[in-house]
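Each chain gets a letter, A, B, C, D and E, in the order it is written, and its residues are counted from 1.
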Amino acid sequence: MLRVEQVTKRFGGLTAVDHITLNVGDTGITGLIGPNGSGKTTLFHMITGFYTLDRGRIYFQDRCISGRPPHTISRQGMVRTFQHTRVLPFMTAMDNLLSAAPDQAGERLCSVFFRPGRIRREEEAHRERAKEILEFVHLTPLSHQLAGRLSFGQQKLLEIGRVLMARPRMILLDEPTAGINPTLIRHLVNILRGLTARGIRIFLIEHNMPLVAEICEKVFVMDSGRLIFSGLPAEARQDARVIEAYLGREDRAA
Amino acid sequence: MKKMIFLLLGLGVLFCWSPGMAESDEITVGAVTPLTGKLAVYGEGFQQAMLLALDQVNARGGIHGKPMKIAFEDNNSTSKGSVSAIQKLITIHKFPVIFGPAASSNFLAVCPIAQQNRVILIGAESAASAITRCGSYVFRVFPSDRLQGKGVAELALDLGYKEVVLTYVNNDWGVGLADVFKEVFLKNGGRLLDEFAHDEGKTDYRSEVLRIKKNDPEAVVNLTYIKEGATVLKQAYENGVDVQWLMGSASKSPKLVALAGGAAEGVIGTYPTFSQQTPQYRAFKAAWDRKYPGKKLPIFGEYNYDMVKLTARALKAAESMSPEDIRTALMEVSKGYRGVTGDKTFDANGDVGAAYGRWTVKQGGITDYP
Amino acid sequence: MLLEVDQLTAGYGPVTVLHQICLELWDHEMVCIIGPNGAGKSTVLRAVSGQLMPRAGRVMLEGRDVTRQGLREKAAKGLIFIPQGENIFPNLTVLENLEMAGTMLQDKGILHQAVERVWAAFPMIQEKEHDPARSLSGGQRQILALSRILMLLPRVALLDEPSLGLAPLVVDFIFEEIAKMNQTGISFLLVEQNARKGLFVSHRGYVLELGRNRLTGTGQDLLNNPEVQRLYLGG
Amino acid sequence: MAYYAQLVLNGVIAGSIYALFAVGLTLVYGVFRFINFAHGELIAWGAYLVLLFALPPISLPLYLALIPAIAGTVLIGVAQDRFVYRHLLQGHRITLLIASIGVSYFLRNTLRLIWGSDLMTYGIRPVRGIQFAGLSITPTQLLMAGTAVLFLVILFVLLTRTLLGKSLRAVADNMELAAVMGVPMQRVRVTVWVLAALFAGVGGFLLALDTNLEPAMGMTNMIKSFAAVLLGGAGNVWGALLGGLFIGMAENIGVAFFSPGYKDFISFALIFLLLILRPQGIFGVLTGMR
Amino acid sequence: MDYLLHILIVALIYAVFAMSLNLELGYAGLYNFGHVAFFGIGAYTSALLSLAGLPVPLGMACAMVAAGMAGALLCVPALRLTGDFFGIATLVFAEMVRLFFLNERWLTKGPMGLPGIPRPSWVGTGIAAMPMFLVLCLLLTVSVFLLVRWVAVSPFGRALKVVREDEYVAQALGKNVFSLKTRAVVAGSVLAGLAGSLWAHYITYISPGDFTLNETILVLLCVVLGGKGTNWGPVLGAFAVVFFQEALRFLPIPADLGRLIAPLQGMVYGLALILIMLQRPEGVISEYRRSRVC
């Protein structure tokens, strides 16, 4: 579904992402792991169009998306979250969701004035969907609360709900479990599983290794901007290069 | 929110409580005067001259025994402020006569309002020729630009300057005057080496001065205000531009010399003149010195003085305090009226004629040019 | 005991990152904090150094409570913090960077001596004395950042990920230098992602997981502990 | 030819004053990351305070009046920070900008309240310019250029030779790290305001000495200095110097080709173009301060 | 009574002006400090066209179109800037527009200004026109108010808020940020053009001096005082500011102290801006008040 080919990004003298080639989406949940500063988030930024590429191409559903602005990539069905939760704090949870509905006629100023009926119907439908999603992420009682007043974990859920609202084919999650408690993590895992059951592909950056091992069918491991491993999570644990990337080199340390 | 409501209420109370309403035992006229903003420099002088005339009117028994008063309303030197001010004077106080604001742009903004409300508007220092067409309720005791522009052109030609550089302040007064000057000057065989406007209120005119210097003229016609004029003169002097400066009436002020110092020496200008030998002028000067000892005569002070005196005369002569009657009386009493600034007979458009005199700066003082 | 961290709780905004962390650091000791990403390692150093005010718990330096003291006060008492990543001033020259590092030294003479110490230890950055620090290589930048320890000669240095973004050979060099400084009597509390490396040079180690103490022990013990590997890689 | 040379010379001198103002703007921007709209009012206050101390009842000679006047300007600069900006630094930069517009409006009108809107002057007699190779320059202009150079040199020495100056650059470079290293932040921020106000005050005095005083004198000059700041790259002191010179020359030479009514238009258009062509360059803060 | 009508008309025109700025500043988070430029463009377009003999309503429509086009023109370069730099660029743009009015005498008569701008024929002329003009202003203000509110609660308004709150999120959610902002600025400019043309036809005389930075500050004050991002805020702010200005006329101030009023007024405005920023950056009416209750 998502193909990344020979992608490179440099910041000054530092090569943050170095000739990465990977293929995501033939399985439900794919993980991207690696130590701090290995270029995972940079890669995400490039896939979603927030960073330009120095080299390489990216294909999504066999269409080249590299060089496209973020909003067109998002409209093609690849929606992301951010490393630090970014809900819209001064809008209600409901509005947070509604604003994510894709391709709204009401966002064109002309239709606001000239096709009010259609917009009302459309809004109605979005509202219904938003209610379902709120139910799905267990936020229904908070739908009219300002998003900024939700707890950290609730904001995470809201963010995932917002991504869902956009009717994605693939979602990119940047550290979805960072900073939330174990109960909520279980809840989140269930939600993610539910999504894959609906056929939505998930590509996530995650540091919680047991979790990655549990839910990911495939992982990519990055270190210093390079792809050092791709395969099953269980294999990754055995892989010398991965261990080295995480723990340091055996020969020097022993 | 509560605070806001209180604030609004407070404002409302202030608003409804309007002091100085015209009471029957005194006769009040309104005045829109630039007490703030960029023309405030002149506004205070206008006000003092008007108050001087008022004192004299009241000392002689006012209007049929009732004292005359002037209600000053500030216009912040803007047209917007002028409109607000005159609206207040007309509709709250219902004054039949209003002295209009200085600067033609402000005057032009208010004159349709006065005309439509049938309230008499009198200007003491607005020169734009467009004012002539303002309407039957609009008068001015100051001569139109047409006369002054012609005057400067004649001055230049009389002094033998056929080729000059023309510069003028980039506002209504400067542009209007410059247009008339150009018309007359060119028609009579003059030639402009260069012509450009300079911005109002700047402090650095060096590049403009250099532009003058480049053309190396014998004379420069500089139609501008005091501040701008003084700065241009000073910076021209510093840059070694030695030309004959020809200026208009708006620069004729001791303040020009104070600001420009020696650089103002030798400037020749025109101004709508009136003899300073007349008894009217001497009386005015003496009265001024008594009331404001040590203060120099303000620019256009005489016109403001005349305006008030003439108005008082008309109020006395009017059959009633309705604007129509006052208007008739005004036309009547102005016939052959000789004020400090000469003959103030209104023509059909409410304009007055004028003789133009010439002034010059000599040894740090402003005197008549022989 | 030189430094004792007792039941430290800290976080940012609504998020609590550290939950009742306890640490000890003895004289001349080098202690390494390891743990997977998001374990709160850097936050420990921020909270101990005074950059981040802890919500609860105590920080004791040489038996005195310094929990509520700021960076400057703690630095004056001999506890300094070297943050990770952008830890030099790129537009200042190398020398000026050192002067800033020694900004707490009141006396010009002492400052001069301190700079001399750095030059003696790291001649390679002396060569670039008057170049802007942005022209240094990654390893040189890290050395420049570490020079602060040499200048101030503190009792305790808190060091956050000195190996971040460096090539393996350079990492070895940096750790050698840290070990040398340790031998002169400076105690180190080190946060390291490169667990083997960190534990190898350290006397003892603490393993954090999700903001809580998980394991502790000597470097060797932890290195051989399968639990550590599990923490990092799951399974 | 001499005409254009003279325009360039005048431009250079006007530009050196713009540079003085631009340095202050750039310092504040470099450390606090906001555009202090009220910088112009420091310029005007500097000039007017000299007048206050030079006129009766105090009647100090100009050069002596300068001392308390500059002290007063510095006080205003520090007070701006103390009473307004400090409380807003945590918030949005726009809040700061609006607040600084408010401060600017407040200070300018206070000036009007005290001295009126009228043009004022120190009453220096006009002197013939010194003629040199067909160029003319007045002693005041010489003094302006000289003072500007002197102050910029002093700034250079301060920023590169003193610990305080280096701390200032360090804070501009990386505020968090500077705090970790124990750089006295309070002293640095006060220093920034003192320097900004000092340069604005001295520049304002020179400007008034050369021309006249009026309440809006700071406003127009501040906008032009901002053009200089952008031209040189925000935060770059030497860039600000070059930018100031360029703006000064551009608007002076422009008069030869355009109507003088468009004099300000030239620098405004330049700002507009620069903002649009180099929006990235704006963030090159304090680079090349050496 | 006409005086009260006058104040009401001015306040209504300012309310339209403030609402147009609020569309950009409150909803889209664009700090346009040069909004007076569009007010001026509207005023001049309408005045010039109706002086040339075009019916007034047609002139007003053209004014809105012209202001909108100018807004679009400004967007192309300026929207690449963020936050305060956008503010400075717009501020500079407004000054450039004013200098254009001042210097292009063939078109605008420069500093002479344009006198005798006609009022709509059905409104009538002279003193009788005032109540009718008030009705016109009231009608337009109410329509603009409803229009802005309609837009604000529409998905378009919601999308603008997303852009204001977090541009990155907006992009990640498939919003074309540039296009949304452009539409906000164009819509704001069109309404500012309407306010400007109303102004021109009301005052019947305009000159470049009417469109300075002071006007921008005044309308900015209206918006932030009333409460940005709210429907009623700008209207309330406009009325408060206009009434405050006029109320000053009634203070019994001795004639020789008269020159102190304008600076004092300016000081109050400046201080108001500072205090609002310090104490209540969201203005008198808070956008979030209602949600805070629940």
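To be clear about the criterion, contacts are C-beta pairs under 8 Å (C-beta built on N, C-alpha and C of every residue); 3 or more make two chains touch, one makes a residue touch a chain.
The model shown is predicted, which means the values in this text are computed figures rather than measured ones.
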Return the chains common to the contact lists of chain C and chain D.
-> none
Decide which interface, D-E or A-C, involves more C-beta pairs in contact, and give its chain pair.
-> D-E
Find the chain most remote from chain A, comparing centres computed as mean CA coordinates.
-> B
For chain C, which other chain has the most distant CA centre?
-> B
With chain centres defined as C-alpha means, what is the inter-centre distance between chain D and chain E in Å?
-> 31
Averaging C-alpha coordinates per chain, one finds the centres of chain B and chain D separated by a number of Å equal to 37
In whole angstrom, what separates the CA-based centres of chain C and chain E?
-> 56
Centre-of-Cα separation between chain E and chain A, whole angstrom = 42
Shared-contact residues (touching 2 or more other chains) in chain B | 36-37, 40, 170, 197
Please list, in label order, each pair of chains that touches.
-> A-C, A-E, B-D, B-E, C-D, D-E
Would you mind writing out the residues of chain D in touch with chain B in their complex?
-> 3, 6-7, 10, 14, 116-119, 121, 123, 125-129, 131, 136, 138, 207, 210-212, 214, 216-217, 251-256, 259-261, 263-264
Would you mind writing out the residues of chain A in touch with chain E in their complex?
-> 48-50, 69-72, 74-75, 79-82, 86, 88-92, 95, 98-109, 112, 119, 122-123, 144-146, 162, 166
Chain A residues touching chain C in their complex are 14, 35-37, 151-152, 175, 178-179, 207-214, 224, 233-234, 236-237, 242-243, 246-250, 252-253
Within the complex, which stretch of chain D touches chain C?
-> 163, 166-167, 169-170, 172-174, 176-184, 286-290
What part of chain D is in contact with chain E in the complex they form?
-> 34-35, 84, 87-88, 91, 93-99, 101-113, 116, 219, 223, 226, 259, 261-262, 264-265, 268-269, 271-272, 275-276, 279, 282
